[in-house]
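Taking it in order: structure first as C-alpha cells, then the write-up.
Labels run A, B, C, D and E following the written order; every chain starts at residue 1.
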Amino acid sequence: MDWLTLSPDEAAAVRLSLRVATVSTLASLPPALLIAFLLARRRFPGHALLNGLVHLPLVMPPVVTGYLLLLAFGRRGPVGAFLADHLGLVLSFRWTGAALASAVMSFPLVVRAIRLSVEAVDRRLEAAAATLGAPPLLVFLTVTLPLVAPGLLAGAILGFAKSMGEFGATITFVSNIPGETQTLPSAIYALTQVPGGEAGALRLTLVSIAISMAALLASEAIATRLARRLAAA
Amino acid sequence: MDWLTLSPDEAAAVRLSLRVATVSTLASLPPALLIAFLLARRRFPGHALLNGLVHLPLVMPPVVTGYLLLLAFGRRGPVGAFLADHLGLVLSFRWTGAALASAVMSFPLVVRAIRLSVEAVDRRLEAAAATLGAPPLLVFLTVTLPLVAPGLLAGAILGFAKSMGEFGATITFVSNIPGETQTLPSAIYALTQVPGGEAGALRLTLVSIAISMAALLASEAIATRLARRLAAA
Amino acid sequence: MSLQIDIRQRLGAFRLEARFETSARLTALFGRSGSGKTSLVNLLAGLARPDEGRIAMGDAVFVDTSTRRFLPAHRRRVGYVFQDARLFPHLSVRHNLLYGRWFARRRDMAARAGQDEFDRIVELLGIAPLLARRPAGLSGGERQRVAIGRALLSHPRLLLMDEPLAALDEARKAEILPYLERLRDEAAIPILYVSHSVTEVLRLAADMVVLEAGRVVAQGPPAEIMRRLDLLPSAYESESGRDLVVTVEGEEPRYGLTVLALGEARLFVPRLAAAPGASLRLRVRARDVMLALEAPTGISALNVLPATVVGFSPDGASGMELRLDCAGQELLSRITLKSFEALELRVGSPVHAVLKAVSFDRRYGGDLSTEASGEA
Amino acid sequence: MSLQIDIRQRLGAFRLEARFETSARLTALFGRSGSGKTSLVNLLAGLARPDEGRIAMGDAVFVDTSTRRFLPAHRRRVGYVFQDARLFPHLSVRHNLLYGRWFARRRDMAARAGQDEFDRIVELLGIAPLLARRPAGLSGGERQRVAIGRALLSHPRLLLMDEPLAALDEARKAEILPYLERLRDEAAIPILYVSHSVTEVLRLAADMVVLEAGRVVAQGPPAEIMRRLDLLPSAYESESGRDLVVTVEGEEPRYGLTVLALGEARLFVPRLAAAPGASLRLRVRARDVMLALEAPTGISALNVLPATVVGFSPDGASGMELRLDCAGQELLSRITLKSFEALELRVGSPVHAVLKAVSFDRRYGGDLSTEASGEA
Amino acid sequence: APARAEPQEVLVFAAASLKNALDDINAAWKSESGRSATISYAASSVLAKQIESGAPADLFFSADRDWMDYLAKKDLIRPDSRAELLGNSIVLVAPAGAAKPLDIAPGFPLATALGDGKLAMGSVDSVPAGKYGKAALEKLGVWQSVSAQVAQADNVRAALLLVSRGEAPLGIVYKTDAAADKGVAVVGTFPADTHPPIVYPVALTKTAKEGAADFLAFLKGAKAKSLFEAQGFTVLP
C-alpha cells in the first residue's frame, strides 16, 4: 500500500499535470479548430508556411522547441514581455508556461485530427444551410462544428495524452519547480536520472497512465455516442 | 557557405534520419491500418486495452518509453533476445532500433489519423461492394482502403515528421552512436549540451525542418489530388 | 425460380413482418413511402439480418434464423440497384461499371460474355460519354443510370431494383424499360422491382406485392391488385370518374374478351382472370365516356350503356361534366360545352354512354385511373 | 415578380448557356437527364457562380458578373429542395425543419406565423411520427418529405424544387400537389420546379423552360410546349399513334375552342394560343380513335374525320390496329377484334374516325401522349 | 553503416557535457594513431543503463560518480581501469549586464540578491551540477532561504540558458559552461570544500575491445590534458 501512497510533492505533480493538460487541451482547441479549418478549406499565399509552422513542434527536438519558446515567451522575449506588460500574463516559471509548452507540442496532433474531420464534412450540407439563410459563421457553428465533433474529440484526447507525457519542451521553457511547474513527466524524468529511481518513476508513470486511460475511456464513450448520432444519413 | 556545409558525421546523421524516418513510417503503416480498422470497426473484449496500449507512447515521457524498449528489445530483453536468436534481427544500438523507437513513438498519431478516416468511410459503399460479389478482404482493399487514403497520408506525414523530431525514446533505447544511431535530433541534442553548440544545433535543426517541409509539401500535393478525386460524390 | 420470404425485423419503432412467395419473373414491390420496401430489399441482399425468419431463392437458403444460416451478401449474387446510387467515388464510371463484373467473371463462364455486353449496356443507358469521369460531377439521373449498369453487369442471379427509374426522364425510361423486359424474359433473372409508378408496375410485373406499415396487405397480378382499389389509398385516383360494380358473366375466348353484366347491359373488356359470378369494380373515367342520343350502330365501340342525365356542372372554359344514372349506378361524362348545347341535354335526358373496350387493355395502362378505367 | 436569367458556365466538358425570363408563378424546368437543370438551379441558389452572366429576381440582382455583384446564398432567401435531400444528420427531423425558420423569423415578421404553420406542413407531409428521429434511419421518401418541409418553412421569396416528388408514391403526391398549388396561388412565392413528370408540369406550371445540353430550346405554356413534339425527344412517345399536321383556322370563343383545318374537315380542340394560319402538329393516339361506318349524328364527339382503311395488323390477343388514310395523312386506330369483325372492315373500307375534343384538355393530361393526344 | 563497417573502432559512451573536449581529443588521436573512436554522447544515466543492458560500449566517461558506482556495483566495468580524470567547479552566475560580485561564504545574502527571481540550477536530485549546488548551499546555510525559488533544469546547459536569457537573475553552473557563455558573468565561485568533489570518472567496460585501452591511455596523456584544459576542465593528477 505504501508503494501507492504519493508524497506531497508527487501529489502536487499529479494535480499540476492534470491542470496543465486540461488547460492546454481546452485552450488549444479553438485556435486549432481555426487553423485546421483554414488549412482544410482555404488556399491562400501563406498556406504552406502556416502548415509547416504547425508541424514544427513535431519536427524539432522538444529541447529546441522549449528553447525557442524561451526566446519568444520568456520575460525578456518579445512576446513574453508584451504579455507581461500589457496583459499581466507571465508565462516563464509558471504553470501557465507549462500549459503553453504542452499546447504547442500537441498542436500539430490536434490540428491534424480536426483537419481530417473538416475535410470529411460533406460540404453540400453547408450549402444547404446557406440556402436556408444561415450566414457563414452560423453555418460553421450549426453545421460544420457539430460534424467536426469526432475530430475535435480525437484532437482533444490526443492533446491531453500528449500533455500528460510532454516533458522536453516544458522543462526547457519553465524548468522544474515543484508545485509550480513540476508536472508528472518532469518528476518521472528526474527520477530516472537517479540510480535506483526506477521504482518511483514506474509508480508515477502508472499514475499518469491511469489518468490518461480514464480520459481515453471517457472520450471513447463520447465518440460512440457521437457516431451513433451521426450514423451515415 | 561554410556554415551550410555538413561535416561527415552530420551528413551521416541526415542520411540516417531520413532512413529511419522513412523505414519507420512505411513499416508502421500496415500495423497502424490494421489496428485503426479494428478500433474503428470492431467491438471486442480487449478494445479498451488495445486502444490504451496504442496511446501509451504519447502518455509516457519518451525516456520511459525508451527505457521500456531497452528492457524489452535490448540484447538482454526477452523480445530482443528472441528476435536476435531466431530471426537474426538485432535492434539494440542499431539504426533498426532507432526506426523501432520512432515507429512506436509516432504510432498513436498514425493510428488516430487512419482511424478518423476509417470512421468517416461511408459504409453503404462497402455494402454496395458486397452485393457486387466482393468478399470482405477485397471490399477492404478496393473500397475501404482507397477511401482511407487521406488518413493514411496524414498518418504517414505525421509519422515522418515525428520521426524527424523524435529523440527521447531513441537516444534512451539505442544511444547516440554516430553513423549508426545518431539521428538528427540526437546530434542536435548533443550540440545543445556544450558551450558553443548552438550554432551547430540551429544549423541541423534547419536541415531537419527543410527535409520535413519538403515531405509536407509533397504530402499536401498528394492530398489535394486525392481530395479532387474523392470530391463528395 | 421461386422466392420465399418470411421474416420479422424491428428497426427502431418500425416492425417489418413480411411473408410471401413468388415465382414470377418480375415481382413488383409496391407501397407508400415508409412502408418497408427498402428494408425488405436489404434483407434479401444480405445487408441486414432479420431478427427471425427465412429467405430462400430456389434451393439457395439466403438466411434462416432457425438453423442460424446466413449467406453473406457477397455470396448471394444479387444485383442491387440502390435507392441512392452508391457509386464508388474513387473509381471512374468505367471502373464502377466493371466492379461487379470482375467478381462475376471469376465465378462463372457465362459471365465472360465480355466487351459486347458492356458496350450494349453502356449504349442502352447512354453513359458512354461519362466512362472516363468520376461520379462526383454526375447529375442525379446519370448516377442512377451508372448504378443500373453496375448491377446489370455483375451477372446476378437475382436483381433487386429499388426505384431504379425514379430520377429519369420519360425518354430514358422508354429506352430502359424494354431492356428490362428482355432481361426478364430472355435472361430469366428474377427481378424484385420497387416502384411507385403504376405504369412501370403494370407494364413489367407478373406478380405484385403490396406492403403497408411493414406487412404484406395484398399479392397477385398487378392489374387485378390495382383494381382492388379499396386496398389502395383513395388518393391514387387523381382524375374524375366513378366506379361501376359489375358481375363477371363469361368469356368470349375467340376475341380474348371477358363479358361483364351491369344490370341488363353487357360490357366487353379484354380478358380478366376472374371466375364467372365474381363481382368486380371498374373505374370509368369521365373523359372516356362519350354520349349519343341514339344507340349508335356501325361503330367500333363495343360498349353502349343506356343512361339518364341526372346533373351537370361546367368544368373549365370549354367543358361540361355530366352525372349519369346507369342501371342504378352513377357514371360521369365530360364533354365540350359545344356538344352539350348541340345535343340539347337537360336533367332527365335519356342518352347512351359509349366506351371503347381497348382503353382497358393492360398494355396501354397510363396511370391507375387509365388502367382500371372504364370498360364496356 | 419576374425572374431573369442569362448565364454561361462551364462544368468540365459541359457548357451551360441559358437565357430566359419568366414571370410565371410556377415555372417548370424540363429536360433530359444531364441537360443542366440542377446546374442552373444551383446558380440561382447561389451555390455556384456563373462564369459570366446575370441573374435577377424583380429588383434583386442575385449575380451580375459585369458589375462583379454576387449575392451570397444565405442572403438570397431561396428555399431549395435538393435532388438529394441533404438533411442535417446531426439534427433531429424537428430541428431540420426548424433550421431555416429560425433565420426567417429573425428577418421578418411575416415569418412569425409560428406553430400553426409548422403543424400544418408536418401534417401535410405526414412526418409527424418522425419529428423526434434523426435522418439516419429515414426511408428515401421520408427524407424527401422532410427536405420539402424544411424549405417551405424557411419562408423563401423564391422556391427552387429539384424533382421534389420523384421518390414519393402517388398518394403522397396527390396530397402535396394541391398544397403546392395553394402556395403558388396564395402565397405568391414564385417557384422554379424541376420535374420529369409531364403530369406534374402540366398541372402546376404556367410557364415551361426546356433545357437540352445546357441550352434553352423551348419556352412557353406547358401544354403548348408539350405539343411541339419535334422539340422533344421522340422517345417521349411511348404509345402508338400518329401526328397530324393541321392549320389553325380560327376560334369559337363562346365554347373556348380552337378550330383546326385538316383538308376539308374541321377539328375542334380546347383553345390554343396560336394565331390563325399557323401550322401545328397534333398527336393522335391509336386508342383514342373510334371508327364508325356512317358519320354518326347526335353524339358528343365533335370531331369526325372521313377516312379509308389502308392496312391492319393484329395487336395482342383481342385487338387490331388499323392504318387509315385521312385527307392524305396517316392515322392509327386500335379497336377490338370483335368490332373489327362486326364492322367487316377491309383494306379500302370507307370509315369515319371519331375523336372527343375533351381528351385534349390540359387539366386531364396523363402523360405526354395522353396530353398531346388526338383531337378533332 | 560506417560503424559496423569498421567493427574494431572503439566505442565511447560519454556524458554529453564532455562533447567539445572529447571531439577535439578524438581528432587528435586520429591524427596521431590513425585510429578514431566513435563517441556516443548522452546523459550519464542513460548511458549507464544502456551499458547495463548490453550496449557494446568499450569506455564509459561519466559526469559524476553515482552512475559509475552504479555500474561498478553491477560488475560491468573494469575496476582497475577506473580513473577520476577531470575536475570542475561550480560557480554562481548572473546575466552579463547585471552581475554584482557576491562573496560566497556561510550565510551569504543569496535570497536578497535573488529578490523574487529564481535561482536556476540543474535538477537538485538528478543533475550532477544541481546536486553539487544544493550540497554547497546547504553547507553554507542558505538552502532553506532559497529552496522555494529554485528552478531546476534538466541539465546544466538549460540552467545556464535561463540566466543568460535573463529569465533568472542568478544560477549555479559549471565553471566550464560559464566561461564559454558571453551572456553570463561569474559572480562567485563555490569553495571546493562546500560540496563533494566534482569529478568525471572514466573506466573500461567489462566487454571493452583491445583498442579501448589505447584510447583511455591517450585520454590520460599530455595532449588530452591540454585539450581538456582548453575547455576549462581541471585535469586531476
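Just so it is clear, contacts are C-beta pairs under 8 Å (C-beta built on N, C-alpha and C of every residue); 3 or more make two chains touch, one makes a residue touch a chain.
Only a predicted model underlies this, so the values are computations on that prediction, with no experimental measurement involved.
S.K.: Rotating subunit A so that its CA atoms sit on those of subunit B: what angle is that, to a multiple of 5 degrees?
M.R.: About 180 degrees, rounded to the nearest 5.
S.K.: Can you check how far apart subunit D and subunit E are, centre to centre, with Cα atoms defining each centre and the answer in Å?
M.R.: Each chain's C-alpha centroid was found; their separation is 90 Å.
S.K.: For subunit B and subunit E, let me know how many angstrom lie between their CA-based centres, rounded off.
M.R.: That gives a centre separation of 34 Å.
S.K.: In whole angstrom, what separates the CA-based centres of subunit B and subunit D?
M.R.: The computed centroid separation for subunit B versus subunit D comes out at 60 Å.
S.K.: Could you say which residues in subunit C touch two or more other chains, in rising order?
M.R.: In subunit C, the residues touching two or more other chains are 84, 137.
S.K.: If a residue has to touch 2 or more other chains to count, which residues of subunit A qualify?
M.R.: Only 63, 67, 124, 189, 192, 232 qualify.
S.K.: Following the definition at the start, I'd like every touching pair of chains, please.
M.R.: Chains touch in the following pairs: A-B, A-D, A-E, B-C, B-E, C-D.
S.K.: In their shared complex, at which residues does subunit C touch subunit B?
M.R.: It comes out as residues 45-47, 72-80, 82, 84, 86-90, 99-100, 103-104, 107, 134-138, 150-151, 154.
S.K.: Could you list, by residue number, the parts of subunit B that touch subunit C in their complex?
M.R.: Result: residues 124-125, 127-136, 138-139, 142-143, 146-147, 149, 229-233 of subunit B touch subunit C.
S.K.: Quick check: in the complex, which residue numbers of subunit A touch subunit E?
M.R.: 63, 67, 70-71, 74-77, 92-93, 171-172, 174-177, 181, 186, 189-195, 197
S.K.: So in the complex, the part of subunit A that touches subunit B is made up of which residues?
M.R.: Subunit A residues touching subunit B: 48, 51-52, 55-64, 67, 108-109, 112-113, 115-117, 119-120, 122-124, 150-151, 154, 157-158, 161-162, 164-165, 167-168, 185, 188-189, 192, 201, 205, 208-209, 212-213, 216-217, 220, 227, 232.
S.K.: For the complex, which residues does subunit C have touching subunit D?
M.R.: Touching subunit D: residues 11-13, 31-34, 37-39, 83-84, 129, 133, 137, 139-142, 144-145, 162-163, 166-172, 174-175, 196, 198-199, 232-233, 235-236, 238-239, 252, 254-257, 268, 270-271, 287, 290-294, 296-302, 316-319, 333-341, 343, 354, 356-359, 361, 363-364, 366-368, 370 of subunit C.
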